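Both of the next two complexes hold chain A, though its partner changes from chain B to chain C.
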Partner chain A sequence: MNTVVAGITYRALLGRRRILLLLLLPLALIGLAVLLRLTGGADQRSAILLMQNFAIATMLPLLGLIAGTGVIAPEIDDGTIIHLMSKPISRPVIAQTKFLVAASMLAVFAAVPTYFAAWLLVRNEDGIAFGFALGSLLGGIAYAALFLLLGVLTRHAVTIGVIYALIWEGMVGSFVKGAQNFSIQQWAQAIADQISTSAFIDQTAVTIGWAIPAIVIVTVGAVVWAGLRLRAFSLTGDE
Partner chain B sequence: MSSEIYDIGYRHYDGPRLGPGYATRALTLHSLRGIFGLGRTARSKIMPFLLAIIMLLPAVVSIAMMALLQQRGMAYSAFAVIMQPVIAIFLAAQAPTVVAPDLRYRVLPLYLSRPVAVVQYVSAKVIAMTAALFMLVALPLTLIYVGELLIDLPGPPQTKEYLGALTVALLLSVLLTAFGLALASLTPRRGLGVASVIAVYLLSLAAVPVIYGTLLSLNEDAAARWAWLLNPFWLLDAVQVWLFGSTPNSEGGYPPGPAPALITLALIAFAIGVLALRYRKAAAQ
Partner chain C sequence: MKLELSQVSRWYGNVVAVNDVTMTIGPGVTGLLGPNGAGKSTLLHMMAGFLGPSGGSVTLDGTKVWKNHRIYRNIGLVPEREGVYGFLTGWQFVLSAAKLHGLSDPISAAQKALATVEMEGPKDRRVETYSKGMRQRVKVAAALVHDPEVLLLDEPFNGMDPRQRMHLMDLIRAMGTAGKTILFSSHILEEVERVAQHIEVLVAGRHAASGDFRQIRRLMTDRPHLFRIKSSDDRKLAAALIVDASSGGVTLGPDGLEVQAVEFRRFAWLLPRVARAEGINLHQVSPVDEDLESVFSYLINRST
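Now for the complex of A and B:
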């Protein structure tokens, strides 16, 4: 953890238009929750529908993508990463710092709004709000690490991330049940399922005994790999 | 014609001047090739061609079903709705490549110092992206139709359905292009452009079941049907139902009448307006 690098990264993330995208999604989630509350549809069933469809399946991967790639990909794109890498800071530390920044962004922009939206609908009934918030937090950490790695590996990080989130987790996961074992969304759902006692959550395909180790392995593995990759990083020509 | 700014003493060009029309056509073709990565590195061809191949898979499955089982696979009218994530990813991945580099490297004044005007520049980009999206959807549809004609299934060929689906695919391409380019042109960064286009699409996708389910549970069935129109693919499906009487691809159908078509036209006009404002500003820089 290097505080200067973290400060620069925060400034780059929050000071530009990226912040609008980071705000748009949580605001839409809370807006939908308020809409449900006002139309009198605030029950456990609709709360879980909103959490599963919107908070975990849509907002979390997108925010993960924006924050995870946003901490490093623009610098690589611009070539300004060279200024950072020519300083006597260990490259793995740079990767770890950037990961912590992305993870903290996801905690603020994904987990907190998720808790708040669920709280608006059902207060603290059956641990729904807490369960989904924790699922969102841990899933967000895994997404941040994975997409940070993608940002280091390729210039098409955002597109590949979208394909992973939409095609693999969305389309393939709904047809082939085995694919859900390798879906961060499903791990987050499994955590929510484990904590909440609500009867409206369907049994998830993934067990908690698989989800927690998977999140740890993906997060640690991705951050370490990103650090290794940065150590031997070369700025190649743009296409 | 002395429309050039500098005369630094080189020999003058006396040949025929091809004019703004030719320049616009050339720019359109150049942008269209760029969308599919033609004339660029191999790496930038991977994504568009991968997505185009994924779009062709259902057509292959459909033809195989018609040939082996003598039954129809995917309906023409359902194709765009079912394949919507792939189309949306194509739009998100490629729309920024059409507009972002020119804005980022500030080469717009170079284009505009030539006979191409802002309107022609923007329409070249819009036409190129529309054509690319239309090809993406129309090619598999045509493949299925040709397969249907060759296999000669019992009953008449579904020519009307095929042509209806093509018409709607064209409208869909215009709508998606207008929104995709407007969003992508707001940021000169490609990654952010991809993320913002896909974010808006996913918002429209994820909001539908939540709003529809809630309104349905309140027994507001008529109001619930309007929820489908939040997503461009279902909106155009509603237009298709109204224009060609196809089967709705949504739970519970759509609101009747020309409302979806009017919404589509209003959305296209809005997005083109945003694009025009953006480029008026960019050209002035």
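Now for the complex of A and C:
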């Protein structure tokens, strides 16, 4: 972890319009929760539907994409990353720092609003709020690492990330059960399922015994790989 | 410190960008000269550890440069692309460089570097409000902040106005005199001539020539040279010179003769003898193309 790298990365992420993108989805989530509460729909069933379909299935991967690729891909695109990389700091440390920034963003913009929205609807009943917040946090960490790696590997990180989240996790996952084993979203759902005792959560396709190791392996693997790729970062001339 | 390139090549697929280049960059100012597309940036990126050679090796005082972040303790890099965070002020940018280097007193190092490039005035403005020349100067300040032994600059004078250019040239010369190892790339001959003591010429990915300007020139005495000659009897001298194979063509004009010497050594040997034998006084013998431009275009033509 390098504090100067982290400081510059935070400023790059929050200073531009990207912060509006980061704020939009959590505000929508809380807005929906408020709406449900006002219209008298604040029960466990609707809370869990909102958490599963919006907080985990929609907001988390999108924020993961914005934060995960946002901490590094724009800098690689415009060449500013050279400022960090032409210094005597090991490249894996740069990758780890960028990952920590992205993960912290997801904690603030995904996990905390998830907890708050669920709390608005059902307070702390049956561990729903805590379960989904923890699922969001751990899933967010895995997304941050995966999308950071994508941002290092390819200039089409956002496109590939969207395809992964929408096509693989969203569509293939709902038809092919096996595909859910390789879905960060499902891992996050499994954690929520494990913690919450609510009867309204359907049994998830993925067990907690799979989800936790999978999150650890993907996170560590992606951050290590990103560091190795940065070590061999090449500037290709325009000529 | 010495940067050593040994049989360095770099190719992209089937395209060879740099082809078997061996050179040593020592203390003083070295100009890396070549037309656009010659592979200067590719070579410079390899020297700066931002590109792995496909073949050969690049070392800094014997230490491999590629995949070695420790070299940046000794190297300062001024890349050609912008590479400056627009949302930081000039001061924040240079200070961040000082901190990233882990300097013991980053504030005074940053102040000194900004003073060196005369950017103390606008230092509290955001970089995105700077002109191209100002951005270039904060980049130089950031590269100098840890007082590196080696400074690599990719096309540093691009986009600078004449005054800024002069200032940077003075700065580079002063650092070279102080014993730093400095290499800058340029496709503009006049820049290289004015700043560099030593020139490396890269043409079409190949190391076409090396040395100071005169040495390069001497290396290529075979090339056709154009001389302007004034004498007591131009017509008679023209007739006497064209007889010999060392002259490729002679033009007689109102200002004297223009002789295309195809064999430089023989021509230089012949001219005074012919003049004496014919009883002609030579008033003036001057090379017309004794500038880098003509050396350069000759090199390009030779290697293509």
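Here is the rule we use: the second predicted complex is superposed on the first by the 235 of 239 C-alpha atoms of A that agree within 3 Å, B and C clash if a C-alpha of one lies under 4 Å from a C-alpha of the other, contacts with A are read in each partner's own complex, and residues count from 1 in each chain.
As a working rule, a contact is a pair of C-beta atoms (placed from the backbone, for glycine too) under 8 Å apart; a residue touches a chain by one contact, two chains touch by 3 or more.
Computed from a predicted model, the values in this text were never measured in an experiment.
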Once chain A from each complex is brought into register, does chain C clash with chain B or fit beside it?
fit
Value for angle(chain B, chain A, chain C) over C-alpha centres, in degrees, nearest 10, is 80
Please indicate which partner A:Gly178 is in contact with in the superposed arrangement: first for chain B, second for chain C, both, or neither.
neither
Partner, of chain C and chain B, that touches more residues belonging to chain A
B
After superposition on the shared chain, which partner residues are touched by A:Gly79: those of chain B (first), chain C (second), both, or neither?
second
Taking the superposition as given, does A:Val162 touch the first partner, chain B, the second, chain C, both, or neither?
first
So, A:Arg11: does it touch chain B (first), chain C (second), both, or neither?
second
I'd like to know which partner A:Ser46 touches here: chain B for first, chain C for second, both or neither.
first
How far apart, in Å, are the nearest Cα atoms of chain B and chain C after the overlay?
13
Using the superposition on chain A as set up above, list the residues of chain A that contact both chain B and chain C.
239
Help me check something: in the complex, which residues belonging to chain B touch chain A?
40-41, 43-44, 47, 54, 85-86, 88-89, 92-93, 186-187, 189-192, 194-196, 198-199, 202-203, 205-207, 209-211, 213-215, 217-218
Spell out the residues on chain A that touch chain B in their complex, using ranges where they run on.
17-18, 21, 24-25, 28, 32, 35-36, 39-41, 45-46, 49-50, 53-54, 57-59, 62, 65-66, 69-70, 73-74, 77, 156-159, 162-163, 166-167, 170-171, 239
The residues of chain A that touch chain C in their complex are 2, 4-5, 7-8, 11-12, 15-16, 78-80, 82-91, 231-239
Using the touch rule from the top, collect the residues of chain C that touch chain A in their complex.
12, 17, 36-42, 45, 48, 50-52, 67, 69-73, 75-77, 79, 81-85, 87-88, 93, 96-97, 99-102, 142-143
